[in-house]
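Next come the structures, one after another.
You will see chain A twice below: alongside chain B first, and alongside chain C after that.
This part shows the complex of A and B:
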C-alpha cells in the first residue's frame, strides 16, 4: 500500500475523519499553542476546516506553528485526527522547500554519533554563547534552546562492556528499547531501566537499534522517517518473536504504536507487530503491580516532586502510569503538574522562530515545577526533560530514577 | 406606481436571463431584467456545478456535445473566477459495459470534444478514492462552475452596459396592443410597489416557469416539462476531478468537486410544478448507491445537504414525455409570432448552464432578426468585469486569503472561511437581502455545520450594522435555519445527524429560537 508517506498525506484516513468534526471548539480551548500566540490559528481551523480547502497543497503556511503535541486529537470527543491532519499538511507544504535546519535536527543518530566521542567539547560548545549565536544565525536553532547533554559513553558501550549479569532470570527475557536519546544522551535513564528490569528478574536483551524517525516525521520528512522506523522494527524483531519490548522513551514508543501508521500511512506487518508488543516502562511496571507481581518493598523517599506527563505519552491513551507507580513509594509526595505541554514538542521549541512560543507554552509548567521543588522534577520523555530543566532550573529525570533508588539500586 | 420604459424586458434571473440581458445590453439596447426572487435562485442555483466538457453527450446528443466543448472554453476564459478547471474522468465501473468507452471515444472524435483514454493505474493514482475495480478511464476537460457567481458576473457586466437588474420583482401581467407586446407589469416584493415597464420586446427566459409567463401574454401553452433532479453535497472533496460513469446517461452518474464539497447527481423525474420539488427518500438512497460505485465507502462519508432542481426542458416529440432525460438538451427558441400571432416576444427553453451564453446569443440574434436590425453578438469576446480579469478559481483561494487577513479580521463562517468583512461588504450592497441571498454569494452556512455556528453570528453583525432591526433580524435567522433544514432532513444520518443534534441544542435549547418574540407587524423578507 502507500509506503510513500507524502502520497498518503494527500488522501489519508485522517482526511476522512474530518467528517466527524461538529465544530464544538473543544480542541481550540485545549491547544497550548493557540493559547499563547495568535500566530497559530488553532487546531480546528488548521485541521478539519482548512483541510477542506486543500487540494493536495497547503497554502496556509501558519500551520507550521502547530507543535504537533497531539493534544487536539486526544481531547476531540468526535474522533477527528486533528494533529495527524496538521502533520500531513505540513509535510506536503514543506516538501519542496524543506529548511536545512529541519533536515538536520531530524538526524538524531547523527547528532549522537558526532557528539559522544567529543562529549566535553560538545558540551562546552553547546553552553558557549558565541557558538550558540552562530548556530542560531546559520541553522536557526535558538541560542537559548535546550540541547541534549553529550555523554562520554553510549548506553550500548556501557551495556556491552559491563560484566554480564549472572541471573537467574525467573521472569524470562524482555527486549529493551531505549531510543536514540536513551542511547547517546539519556544514558543514565537507560542504565537504570535495565537495572530495574534485571532486579525484577528479567533477562534484558538489547538488540542493536537505530532511530524511530520521529524527529524527521515531525519535521515533515516522511520518506526518511518511514525508512528509519521500518529498519528499527527489523532491529527490534531480531531479538526474538513474541517478546515484550519495554521502552524508556515515551515519544519513540508513540511513533511505533500509532504515529508512523496514522500520520505517514505506513502499512507494514513489521510495524504492527512491534507496535502491539512495545510497552512504556512505567506502564509495564503498573501492569505488573496490577497483576500482583511487582515487589513493593520500596525504601521511603521523603521528598515532594512535581511530575509532568508528556503529550507524547498521553496520546498513547495509557493514562499516567508513572504517577500510580511512584505513589507506591513510601513518603514520596508526587504532584501532578496538570499542565498541558512543556512547549518543546520534540524539536519545535528549539527553532529560532518558535522558541518564544514554546517558552510561553511551558511557562505554567515551569512555574509549577519551581514552586513544588528546587531539587528534582520527573517526566517520561527526553526532550521534555531538557526543556523543563533548562527553563525551570530544576534537575529533571525519568520516573525510573526514583524507582531505581527506592529499590536500593542507587 | 413606478414607470419605466425600455427597449427589451428580460424575464427570469437565472443563467439564461442573465446571459440574455448582458447580450441585449452589449448590443446597445436599453433593457431591464425581472426576477421574482434572487438571481440564480431557481434552476441555476440547484444544479451540481458541472461545467460540461461535452463528454456526457458525445453519444446521446452530439450537437450538445460540440456546443458544450466550445462554450466550456469560452466561459473558462470570460468568467475565469467562477470556473475551476478541475478536469474530469469518464470511468467504466466494475459492472459497466466496457465497450461503451469505444463508442464514447468515437463520439468525442466526431463532436470535437477533447478526450483521451488513460491507464486505469494513472486515474487511480490521481484520484485514490476511486473504485479500484474500474476497467477503463478517459480524461476530459470537465470543469466546475459556481452558478451564482456566473449569474452575478453576467448581471454585473449587463449593468456596466446600462441594464437594470430588478430582483424580487414578480411579473403579474403582460399587456399587448394590437397583437404586440406593449408593457410588463410587476410587483416589487420588498415594498409592495407596482411597476409598469413599457417595452417593445419581451424575452421570456423563465426556464421551468416559461409556460406561466407565456400564458400571461395570451400565448398558447408552452409545454415546458420540468424534469426534477436531486443532488447531495458531501462534506469534502472525495475527488478533485469531475468523475463521470462511462455509460449511457443515467441517474447518479456524476460526482462533481465544487468549492469545498463534492456533489453527486442526479435524478430525472417529470413533475408538474417547478415550485414544488420533493426530495424523495428513495432517490436519496439511489444517489448514495451510485456514489458507492464511484467511490467505495461513499455511504459512510458525511452528507451535508440535499436539494432538487427543475430542468427547463421543452417538449420534444421524438421521445415519450415521461422520459425527460432523453429529450433534447439542445435549446429551442419559440417564435410567438408564427405560433400565436403575438409580436414582440420570444421564449427560450432547454439548453444547459454550460451553454447559457450561446443560448443568449441565439435568442438575441432571433430578436434582432425580427426587429430587422443587424447587431453583432460580442459576448464571447469580452471578459466579465470582475471574475473575468483574474485567474481561474482554485479551492485553496479562501484559505490563502484568510492566511493573509486572519490577524486583522474575524472569521464568521468557519466552515467556508467567510470573513466578517466579506459579510458586511455584501450586506451593504444588498441591505434588503435575506441571509440566503448573502449565502449564495458568500457560501455562508454551506459547510458542515450548515449554519449552526455562523448564522447567529451573522445575525448579530447584521443587526449591529443597523441595516436591519431586531424584528427583521429574528425573522431572517428563522428563515435561514428553516431553509437549511429543507436540505438537511432528507439526509439525516451518520455524522450529519450529530451535527444537527448539536445545532438543535444551540438553537432550540440555548437560544430558544422557536419562542423569540414575534414581530408586531409582518416582516417583508
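This part shows the complex of A and C:
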C-alpha cells in the first residue's frame, strides 16, 4: 500500500539521516543554487539544520529556492538525504497554497496530449512573445523559459504506423519506456533508441504508458504523483514479466528507480519490480559492452562535442555511462561539461521567480558548450536539453543520436 | 586492458586513480561522497611533528618507529609521491621534500607543511618582516586581530619574530549578503573587476614594505588571481587557509578530480560500496548499494582508500569493538584499552592509530600475510599514525597510493 505522501514527508527515513550530518560543509560547496543567489541559504542550513525545527510547516521559506537537483545528497560523505528532506518539506509547505502554475506544469501528459495534434500552432504560440507575456502574467512561467518542441507526430503514432520490423531478434524482447517527453516532444530520441535496440537484435515492445509523475513530485504534489507512478508501473508490467525495461528518459528512470520511494515513500511491490528492471539507455549499452556483447564496429565521427550529465542521471549512482559508450566511437572527442547543473531541474527554471537563478546556475555550462562546439551538444534528459539548447543556442540531443549515426542508421 | 577498482575519492583514492590510469589501467573510482581534501588546508603535510617540530620531513620519515605507515612506505616512496603530485597539479603545489615551510594558520600559529600553493608561499616569513593581516568584514571565519596578535608573539623556527598588525576591509562579495562564505568570496575574487575594486580599497591602508596576509579566498578557478592582486597592490601577498569550506582544499580537490577525468578514470559517485565477492585469496568484485538494486564491479585488482573513522571506513560499536566496514579486514591497534581516554586535554587518543597493517606494496596483512593477493590499502585506513598531531596524513595518503598503484601496475 502506498503511504500518504504528506504524512510520510513528516516522518521519513530521510529525517533519521539528519543526525549523521557532521557540518563539514561539503554539500554547501557543491550546491549550484547557493552559488549564484543569496536568496537560498544552502543545503546544510535548509536540509539537516532547518529540519530540526520543522514540526509541520517549514520555518524557512528560502527552501522553495532549492531546485531538487540532488547534488547535495550525492556529494555528502555521511549519507544525509539532504535533497530528499528538502523535497518533503516543500511538499508540506505547499500543501495548502500551491500556485496554479505548479499544478499546471506538473501535468506533463496533459500538456503533451493537448499540444501534439496542434503542434505547428502550439509552436507558433510558444514562440510568440505577447502570448508568452500573458502566460508569464497569469501562470507565472517566465516569458523566456525554454519550452518543449511540439511535434506533428507522437512516438506512439510512429511506432504503430511503421512497417513491422521483420527481425530476426536473436537477443529476445525488451520493453521500451519513453516517458511523456519521449512520447510527445522528444520523438526522435525515442525512434532512434528503438532503432538501435532493433539493430542490436532486440525485439522492442512498447506498452501503452502514462506519466511517471516526476513533475508533480518535484512541485510537491505527492498524491497525484504517487497515483501516476503506480499506474505507470502497471502499464510497464503489462508488457511481460522479468523483461529488461530500457528507458531513454533519464529523469523518469530516476523517478522509477529511487525517487518515488525515497522522496514520496511509495512502498509497493510493483514499483520495486519495475525499479529493479529499468535501465537507462546508455547504461544498458555500457553493461552490454562490459559483458563483451556490444558490437563496436562504429563508423568514425570526426567531431568534438560537449556532453553534460544531468543531475537526475547522476543521482542514480551509475556514473556517466554515456561518456564511456561514446568513447568507443572512433575520432569522436567527447568533452565532459564538468558542470553541476543546467539550472532547469525539471520545471524549476521555467518559473518566473526562479528563471534568473536558473540561468545563472546554468551559465558556466552554457559558456562551456558554446566554447566547445557550435554544432551539437549531448545530454541525457529532455528538459535539460531544451534548457541548454535555448540558452546556448547550440543544438542539443540525446547521446543515442551519435550511436545511431555511428552504427550507420542515420 | 586490466580493470582496477579504487574505492574512495579523498587524496589517497584520487592519487591512486590518476597513477593507475597514467600507467595504462582501466580505472573505476567508486565513492560515496567527496573526500577530506576540501576540509584541509590545500597543502601536503608529510611530517610536521615527531613530536618536535620537523624541518626536514624526508629525513624525519627515515626515523619513524616500526609500525608507523612511513616504515613500510620508506623515504623513496614519499619522494616519488611528492614529485608525482607536483606533476599532477603543477600550478597548485610547490615545495622541497627536504624542507618544510612554516605557514601561518587562521589562528596565527605557524604550521609546518611540505608542499604548499604558490599563493601561500610569502607566508614563509623571515625574522623582522612586517605583516599586515587583512580581514574581510563580511567573512566571519577569519579574524585578523587574532591572527596578527598571535603571529606577533610567535618565535620563528630559526629564531626571531615578525611584527604584525590587523586591518579590515568591507568588500561586498555579493549584494544582499552581510555574511558571505569563503566560497562566495572566492567566486568574487575570480572576477578581475572585483579584484580591482578590492585593491583600490586596500592599497591606501598599506605601509611600505609590508607583506599582506589574506584569508585563502583569492579566487577558486583563476590560478593567477593572487599574482594579479599582488601586482595591483604592489606588495607581496599570501593566503591563510580557512576552516571548511576551505577554498584552498577545494582547488586541490577539483584539480585532482579533473586530472583523473582527463586521464580516463571512470567515476561512480554518491553510492556506498557495501559488499564483495572473493575467489580464494583474490577479491573478484565489489558491490555498490545502488538503489533499488545493487551493482557489481569486477576487477583484477582493488585499492581500498576509504579513509578512517571520519569517512566511515572504520567504525566502533557501543562495546568498543572496532571494525573495517567493507571487507572486515584484520585491524591492528584495536586491542589497546582504553581506545579513548576521558582526558580531553590529555595525551593522544590511542584510537587514532587503529587501522590495517600493510607490506611495502601496500597489501593488507593479517598474521603477517596478505589477506587478499589483489587488495591494497592507501590513506587513512593504514594503522600506526596520529595524523592530525604529527601532520602526516597527506604524505601517508599520497605515498601509499602511489606505491599501491605501482605495485598493481607491475603485476597486471
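Definition applied: the second predicted complex is superposed on the first by the 408 of 410 C-alpha atoms of A that agree within 3 Å, B and C clash if a C-alpha of one lies under 4 Å from a C-alpha of the other, contacts with A are read in each partner's own complex, and residues count from 1 in each chain.
Throughout what follows, contacts are C-beta pairs under 8 Å (C-beta built on N, C-alpha and C of every residue); 3 or more make two chains touch, one makes a residue touch a chain.
Keep in mind it's a predicted model, so treat the numbers as computed, not measured.
Judged by the touch definition given at the top, the superposed model places A:275 against chain C, while chain B stays out of reach.
By the touch criterion stated above, A:51 is placed in contact with chain B alone, chain C being left untouched. In the superposed pair of complexes, A:76 makes contact with chain C only, with no contact to chain B.
Residue contacts after overlaying the shared chain place A:146 against neither chain B nor chain C.
With both structures placed on the common chain, the touch criterion links A:16 to chain B but leaves chain C unconnected. Touch criterion met: A:24 reaches chain B and chain C at once. Legend: residue contacts after superposition of the two complexes on their common chain; A:179 is shown touching neither chain B nor chain C.
Of the two partner chains placed by superposition, A:362 touches none, neither chain B nor chain C.
After overlaying the two complexes on the shared chain, residue contacts for A:38 are found with chain B and with chain C alike.
Touched by chain B in one complex and by chain C in the other are residues 22, 24, 38, 78 of chain A. For chain A in complex with chain B, the touching residues are 10-11, 15-16, 18-24, 38, 41, 44-45, 49-57, 59-62, 78.
Of all residues in chain C, those touching chain A in their complex are 28, 32-35, 38-39, 174-177, 181, 183-184, 187, 244-245, 250, 258, 261, 264, 266-272, 288, 290-293, 295, 310-312.
If you check the complex, the residues on chain B that touch chain A are 128-129, 235-237, 240, 260-261, 297, 301-302, 394-400, 402-403, 406-407, 411, 414-415, 417, 447-449, 452-453, 495, 498-499, 502. Considering their complex, residues 22, 24-26, 28-30, 35, 38-39, 73-79, 257-258, 261-262, 272, 275-276, 314-320, 323-324, 327, 336, 338 of chain A touch chain C.
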